[in-house]
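Note sheet for the following structure.
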């Protein structure tokens, strides 16, 4: 490969890294907009820590679990702790017989990995103990995410069978969604959510924050999907940009009409989640779809969102403050199966492989997360005391408020 | 063209696409900061939908109206509905005898097109019916924007005459500004704005949101102008970065001094709009100007802003909550004419061509928008009922508030 | 150098420019989140103006002071006012025997320069006169920053001795920190901060704004450090991405544990400043460190943050509302010295050179800033009157509020 092509490929994956990085700000603002004011600092704190924990643990453990040079079998492999630095500067270039350096490979995968853990954060918001959440995140992102990631992207058994997941509808999004579901089931609903008087809607405290979040996440998705081409291949990356954008737009439209029919109102949170649903849905096959197929996949995801949110909230009584299970789990499964229905790979055989992948990764992840959160519950506890939940986690866990309401003159007053 | 150059050119246009994309977040936050709290969800909702409608309609209609392969004449052409996919992967590369793939061409132009419609959204804020606005947007961005765009960028009659508009001071910004003006004239002012007691200033509800918006828009403008080089040509793109930044900075300084002289105050909204005015002003000739010319063009735009805002508001009594007509229409015209006054193309002949372009596109766009909004007024209605305007559009159109002020303890209280 | 490599190198420095640009939005939101509501417009205004002043003054003076073609000696040089345009388009390419055009060189350095002045803005918040601050900024960024910058990056005397500062732990961050310290010493604390009754904590008004700011700054740092490679060299840039990210993450963890031990609380502002401390710390040697060294440097910076903040606030009684001296000055010095302790350059000789660089640049900058702010104090005055400080600078300097609290119905009411 010539030097210029190598340099531009590497540059694109680095730019994609920067874009995926800022998705973490998107999730932080999106989730904090959808919770109450009294739990806002807690969300911001968790999201800052998840990113840091994710990067460091992926450096120590995750990367070598997900992409081992010599795996034991199709289910597991491990190269040892820490980054195995290539030999010298030249070595780093030689490493990338593909398209980028060892360092680029690591940092792109590391910001990706951290997004998986972020998904859980919104679902357990407003009642989970901070320390327990951070321990869960650390173990989940260090062990569970890389193992299932290895099955496909590390050339493990699912890859060998023909399962296809371009950029992670399953490997990232439904994995995060399964973990969120397990945690919410063990944790239970927020106080006052489901009562004898009925189901209480608990609106988020800031729609501007939530909207900033969704735009930031969409912005980052250009890198999430576009970077998953793993080179700057002009046709490959540009097609992925087109399918990704059209699916997101169609998700908005699908959610717009469906929620209008259901609620007779123009529901901003549904349109925002419709965009996210469209993005999650296209992710498994973003490189395989025509514009028309992308629009269909996105529109279906948009239709799914309000139905799924209502189903989880009112029928199953599963309390997920930000709709993470609908967006990441349900639309992640839809997008993965859609690879068997539309685009270049469509076919019965492929559909079956997609089902096998969804089921296997779902079973592993849900079980891992369920056992882990149960162990944490039995040892550390996972729920804040009732009076702290009432006061809000900002004061009880962080000793501060998101928006200081102090008398603007207090400083002078004290000085007298 | 060699593969590496092709790849890096294509990559830059894709990165520029990502930057132009985030301008939509900029406009969403800028506009919502400049309106009252009670209409914030409405602005966020509109801006989310405009982007989605813009992308999909440009895919179905706009792209083939703006860049037809075989136009009927210099005024009109159409290639049929939907994207006409190139033949296979190789075909996609061959397509771009210029510098990028068919898909890149489409997605860059699509995010551009959506910005034109966004300009209208701020001007009609706080009183226009949501459904009517969305219909206006759909028709305007599908038909009007691409037709005038074709006249210049699609190699139509204005291009043949020698009209110059590098990145859209006229084709995007004054087009959006004319549409905004037509809508505001038909729609009328907000209740209580112009009364027998005088003119009421209606301050926006969040200066941080507005400031975030302007920085985001400036950030995106690196892609808007830089991407309009249509390749990664090192001298071309870097000169455009320099002229764009210097004009924006000079716009801030021009507005700073002018508004201080006019109001004896350091007016943040004027400085922010001065930045935007400088950006709009340099856009028509960003590739043609020296740094000194860029600073002059930007500074003049900055001086124009407070004068124009006051003129529209107090003399013409045209109620434009965000100053969109001053920023996009007035500075768009100024920037287009400036190409005849400064830089490599300056001259009397060019100035006349610039005038012809401004007038022709203005006449078409204003007429189209005026007729369209009038038809919508007569059929669907365009204004929310008075009591809904008082309550705010967030509650009446969306059934939700931007900032939930619920008692933080309510959930627990209900549970008892 | 072949055309494709030249183009991709140039493109990366332009993308890095865009990333550094958005750090200014990061600083604007970070600082406004950490001040009280009544001084928010003032911060936003200052940060908008600093960027504009910084770009224009660097164009007129700074660039030619920092990178003179024919310096007088190792301490000073000047090429004359304004940009000295290269001869024609071809000339622009020839200019860059390195990796990018003259225009790219200028714009990347210009957005960098403006960050130095921004650091001061947070430290003097809530009590400094706007006009005096803008004059200070103009002189400081035009003269002081470029002169010390020249000593190292312009190939001056410190560069000749062997002082190393990859991307500006000293040349940008401690320089900004010294200026902030000088200003705060002359300016004094906010009213009511240190009283006979004790030290008053003055919490910032918006943690979401502050968090958005820190993520934006981290996002921009990919360009700040990555762009300082001055080419798109695959190994060079990707290693810098890895060390930068790991140091930031380790900074968060270091601050998390240290602040928990000190305050028995999960302090969001400490974790956010820990991230910034880690970023400042790695900056001097981001291209020299292994991942392990980067984690150590970042973790130490994170440990330093809460200790330093408390030391400045409670022991020295230096009132710095945003912690700028701890983040930029203390961690900037730490990072610069760390180049002598870790990585490829480590050694006693290098450590001594690092000390000399820190001391020389610190002495010059602190003296320059102290004299300058004193002269401004004696001529224009630097502090707002006490009653304006109480009311808040938004009303007294800007005649507006950050968050308008008007009755949402007022417009209609007036109309009656």
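Odds and ends about this structure:
A, B and C are the chain letters, set down in written order, and residue numbers restart from 1 in every chain.
As a working rule, a residue touches a chain if its C-beta (ideal position, glycine included) is under 8 Å from a C-beta of that chain, and two chains touch if they have at least 3 such contacts.
What you see is a predicted model; the values in this text were computed from it and never measured.
Shown here, the protein chains touch in all possible pairs.
Think of chain A turning onto chain C: fitted on CA atoms, that turn is 120 degrees, to the nearest 5.
Where the sister copies chain B and chain C meet, the same residue numbers recur on both sides for under half of the interface positions.
Put simply, the C-alpha centre of chain B and that of chain C have 32 angstrom between them. Chain C has residues 4, 8, 11, 15, 206, 212 in contact with two or more other chains.
Chain B contributes residues 2, 4-5, 8-9, 11-12, 15, 19, 36-38, 190-193, 195, 197, 200, 202-208, 211-212, 214-216, 218-219, 222, 226, 232-235, 237-239, 241-242, 245-246, 248-250, 252-253, 256, 263, 265-269, 271-272, 275, 290-292, 295, 386, 389-390, 392 to its touches with chain C in the complex.
Only residues 3-4, 6-8, 10-11, 14-15, 17-18, 21-22, 24-25, 28-29, 32, 40-41, 44-45, 48-49, 51-53, 55-56, 59, 82-83, 85, 89, 92-93, 96, 100-104, 106-107, 110-111, 130, 206, 209, 212, 397-404, 406, 408-415 of chain A touch chain C when the two sit together in their complex.
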